[in-house]
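Some structures to go through are shown next.
The same subunit A turns up in both complexes below, where it pairs with subunit B and then with subunit C.
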Partner chain A sequence: MSGLRAWSARQYWPAFFYLLPAAVFYTLFVLRPLGQTAWVSLFTWDGITEGRWVGADNYSALLDDGRIPSAIAHSLVFVVFYAVFPVALGLFLAALMSRIRVRGLSFFRAVLFLPQILATVVVAVSWRWIYDIDGPLNAGLRAVGLGSLARAWLGDYDTALPAVGIVGTWVMYGLCMVLFLAGVQKIPTELYESARLDGCGPIREFFTVTLPALRGEIAIALVLTITYALRNFDLVWNTTAGGPGTSTTVPSVFVYQGAFLTHEVGSAAAISVCLTAVVLVVTGVIMRLVRGKEG
Partner chain B sequence: MPSNSRRQTVIGHAILAVAALVALYPFLSVLLLAFGEPGTRTSGFSIPTSISFDNFTEAWRRGLFSDALTSSLIVAAAVVIGTIVLAVLASYALAFFPFPLKGPMLGLLLIGLVMPYEATVIPLYYQLKDWGLVNTYWALILPQIGLSLPFAVFWMRTFFVSTPPALREAAAVDGASRLRTLRSVLLPMATPAIGTLATLLFLFAWNEFLLALVLVPDNRSVQTAPLALSFFAGNRRNSDPGVTAAAAVLVALPVLISYIALQRRMISGMLAGAVKE
Partner chain C sequence: MKSLRWTAVAGIALTGILATACGVPGAGGTTVASDLAGGPVTQRVTAEDVKAMGDTKLRVLADAGEENTLKALVPLYEKKYPNVKVEVATKGFDDLMKTVVNSMSGSDAPDLAQGNQGYGTDGPLVKAGLIRPLDDVMRTYGWENTFTEGALKQYRWSPDGSIFGSGSLYGISPATEYVGVFYNTDKLAKLGIAPPQTYAEFTAALDRVKAAGEQPIMLGNAEKYPASQVIGLVQGQNVPSRDVRSWISGVPGTTVADPGTVDAARTVQDWAAQGYFGPGYNGISSDDAVAKFGAGEGAFLVAGSWNAPSLQENMNGKVGFTLPARADGTRATVGSLGLGWHIGAKTKKLPAAVAFLDLLMSDEFAQTIADVGRTPVTGAGKVKAGSPVVEQVNTIGLKLLVDDGQNFYLDWASTTMYDTIGAKTQDLLAKHTSPSGFAKALQDDREAFAAKQRADRKAAS
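What follows is the complex of A and B.
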């Protein structure tokens, strides 16, 4: 009771008056669905009739499901294309331009950022045209006498996965370049001068000055690109929908298909729980690594 | 030494120019295709000799894009307004009022910031179906307000914390109530921050795809522009790439126009928003 009296005496209630509307929306449309996803994942449910409690069976079934390992493998390939390549490209450019004042930075920034603001569906339609059998890529190959390589890149079992991956690299490299160039311009030139006095070559200079100074930017880039690669529903669904066959399936495609097309809601919820957990853990680990080094 | 750094300058800017061209090329080739004659397949390396709007009229006629663009506008505007009103109130309290459990509350918001939409979309569908809201604007507006709140609250809280305390103290000395202080002292200062936030929320809401696919799948009159484009491009009968390209340009146009006008603000906002994560 004394807690309650302290409560009213300190007048906490105005704070809750301001918080209430947001709290209602956040609870109804984020926290409650989040909990329900976890709850539903413990049932066999077709979305219509009464569900049947199965405990962790949906999760153990995932371990036996042959589709899951390949979907995880595809996700890892996408992490390479969406995160590793763009970050490497951005770092290469940052290293090259670390002591150079970039001319026209605001123009380059605006252009390089364009892929970030286009709707993923628009990006997908653009690249479907580029990869089309009559599209620019094949036209270019034919023009240089490599017409034998021409194919429907998104419809070919061998090329569909890297083709979607390259779209991801395209979406993300500009963001990484803009982030790292902005970061590298903030590094005090004295650091580079003293590195040079110590006899550092360009490579040692990169590892002793540039890379540590960009730690924060790299962490942000990795969080953004890796989480995008792990979710990746919009791009995959609108380019290949997981096909041809199962050559570009990712877990989020199974979440959508299971929940809304094939009526295996419990199992789809289990995949969604695992996906969410992986995204939260990866984000947490990257941020923790950065903070740990700073502290 | 100077010649070396000069070479670096040239190579660096050359790489930047190539990178910029590559970033532009896919959308440019779609533009060329869309403005070409219907039925022709411009390869994208040749400069077109004539400009035709036939693909656009065809896409407009077949894809119900006037409905889709209107729907997107209604949904995005409602999400922006709703989110900002709720986020301003909540972040004001989170920034300045002392109350218990503030830390855990911010932690819960952080989960919502990082979590993928896939985590909530299944129960959201059944919940909204129970309420009879699936295939209505509400099915897109209400959840997106909730899902946008973490970003908006952290954004506004960072702004409020950065305002000088002397202003609030002066307002308190003058006998202004909490709501009065917010309305007459803090909000006028917050206009630029709210403007950037509104632009970003509008962009996210305009481009959202998964929620639209799940929550308004069967009612063409409330479909948003990206969803209409996805269905249009996926339909085998619309196999003319020129018409599909025109549809893509129609969907991208409002965002592109606002990007050209507000790009500085949008880029720094997206980078700053990311940094705050």
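What follows is the complex of A and C.
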């Protein structure tokens, strides 16, 4: 109790008024829908007629739903493609670009960032064309004598998941790179100089100076990309719609189907509540791990 | 310190939740109309009846595929009933399916709207009491003389929307659509193959095309449903229409895991294994497949009759259409009447809405429906088609109705069937599941749906 009093004595209360407008909007458009979703998840509801209270039944039904484990497995694969690869690629590009003076750097930076600002549907449609049986990827393979590898990449059970994953890598690496480049520019040049004086090569320099200094940026990048990977829906829906078969389904696909196609709003809400919880936990763990105590 | 901050955040979150957790979702939003909107229709609506409404607006929500029909219909209607202004809103099919139920439950619902047959869309519309039964209109206008009872079943529902295929009529459409076989006339002539009229001739033709080193069937299955229509076409050869439809409408004790359907699945799986569909069909969209066929790829295209006008144009008339007959000469295939037109349960403009359906369903309008490239059931068979291939489509379409061979669409059978059948068809073609596994998965889906319906009914009573 004394802690609370001490805390409250230290506050500059008028500051809270400045938070008020944002807090109102946040409550209205984020917390309220969130609460509503959680509430709806306790009902069987078709979206129109009166819902029926079922308590936690929607959640226990999820545990029995055979489609969920494979969807989660696909999501984990997407985490590798949407988060791990882009961060690694972004780090590599940032290290490269910070060492070498490239003419027209800002141009390249803008071009590499481009995938991030394109609408997902545009990205999906373009990649569908690239992966098409008669598309440029297969044409290229045939041109170099690898025609036997040509296939409908998004329609093949073995390749659909990584094919969609690579699209995600392409979308996300630009963001990571820009974040890391900004971070690199804040690193005092003295650090690099002293590292060089100590005889560090470029690789050693990267691991002893650049990487530790980018800790915060890496945490942000991971949170953004992993969140994107876990809630990923638009890319999957617009490239494969979860197919072929169910080889690229993710939990969000079931949210969409439940809410808009099969009129099972309650169970769709339950899935999204679980998804939200997972995202919160995962991002919380990352913040802890990567940012350390300062977080 | 930190825990306090979290307490504050949690407090805000909790307030947000409490602020919303104030009632049962959907409660009080919709009341099921117990009376017929506008009272029963006992005689034909006259121009005077409509005129008596004064200057008014009729709001119509339709599928984008209906645009050309409505462009012709609305001016005719407004000329006949000058006091009514028709306001049409159209949406793409997917979009319409996702929104029509909510549009009809809104406070300013349209007077007329199109749904889709089956448990996915029309079911919820009936269940929520959002559309008006049309039995009285049907009797007054004699629609039961235009359509066979088998075909009308697709618009019939029990009042609680739980059983379709019997009960009151809730929708109507003047057009018919079905899946058949387009063929490239040049290619068949070059290979010396006569257009197949029977199923035996069709399979023989496929083998000959394959033997000549060409791709027998163009297929684009990226959307997952087109290959299921191929299975449906073969199923029509093996299984009586009545059985297929009973299963779709959910008659207890029926099964889709019957030898005929399993056989159809095996046939299509074999075709895929033998390369009859060419490579990469799961990565080709159905539109692209139609375009590729139009550009001369593949000898046959199994697709909806609605593709006839565009194929006629793209192939400069080098296209024909057939529906292979069964051994007894009758035909059956995946098909239905058009998306049902519904009158909103809350409409205050019943005479105008009924007059709209009357004009749409009239024999005088049938030629216009044919002119926009569709197959009218109305028009007493006197309609002229704009091209030979459309003529073939129309002739066979009417014959199909006489044979009572509209098998409907398997995905009407439950709210999740569209998804199940799509995924399982891809699994089947890639040999990730067996023909009997395919049929069993469909059966399991419908049984799960039936169990859910039972639970809903039990909870409601």
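As a convention for this text, the second predicted complex is superposed on the first by the 230 of 295 C-alpha atoms of A that agree within 3 Å, B and C clash if a C-alpha of one lies under 4 Å from a C-alpha of the other, contacts with A are read in each partner's own complex, and residues count from 1 in each chain.
Keep this in mind: contacts are C-beta pairs under 8 Å (C-beta built on N, C-alpha and C of every residue); 3 or more make two chains touch, one makes a residue touch a chain.
If you're wondering where the values come from, they're calculated on a predicted model, not measured in any experiment.
When both complexes are overlaid on chain A, the residue A:V123 reaches subunit B alone and has no touch with subunit C. In the superposed pair of complexes, A:S194 makes contact with neither subunit B nor subunit C. Once the two complexes are overlaid on the shared chain, A:Y157 sits against subunit C while remaining clear of subunit B.
In the superposition on chain A, A:D46 contacts subunit C only, with no contact to subunit B.
When subunit B and subunit C are set side by side, the one touching more residues of subunit A is B.
With both structures placed on the common chain, the touch criterion links A:V265 to subunit B and to subunit C. Of the two partner chains placed around the shared chain by superposition, neither subunit B nor subunit C is touched by A:S60. Shared contact residues on subunit A (touching subunit B in one structure, subunit C in the other): 23, 31-32, 34, 36, 40, 47, 128, 132, 260, 265.
Of all residues in subunit A, only 10, 12, 14-16, 18-19, 21-23, 25-26, 28-34, 36-37, 40, 47, 89, 93, 96-97, 99-100, 102-103, 106-130, 132, 134-136, 139-140, 143, 170, 173-174, 177-179, 182, 216, 220, 223-224, 227, 230-231, 233-234, 237-238, 252, 255-256, 259-260, 265, 268-269, 272-273, 275-276, 279-280, 283, 287 touch subunit B in the complex they form.
Chain contact summary for the complex, subunit B toward subunit A: residues 5, 8-9, 11-13, 15-16, 19-20, 22-24, 26-27, 29-30, 33, 41, 43-45, 85-87, 89-90, 92-94, 97-100, 105, 108-109, 111-112, 114-127, 142-143, 145-147, 149-150, 153, 178, 203, 206-207, 209-210, 213-214, 217, 225-227, 229-230, 233-234, 241, 244-245, 247-248, 251-252, 255-256, 259, 263-264, 266-267, 270-271, 274-275, 277. If you check the complex, the residues on subunit C that touch subunit A are 1, 4, 12-13, 15-21, 24-30, 97-98, 101-102, 105, 120, 124, 127-128, 130, 221-224, 279-285, 288, 415-416, 418-419, 422-424, 426-427, 430, 432, 456, 459-460.
Per the touch definition, subunit A reaches subunit C in the complex via residues 3-4, 7, 23, 27, 31-32, 34-36, 38-40, 43-53, 128, 131-133, 151-157, 240-246, 257, 260-265.
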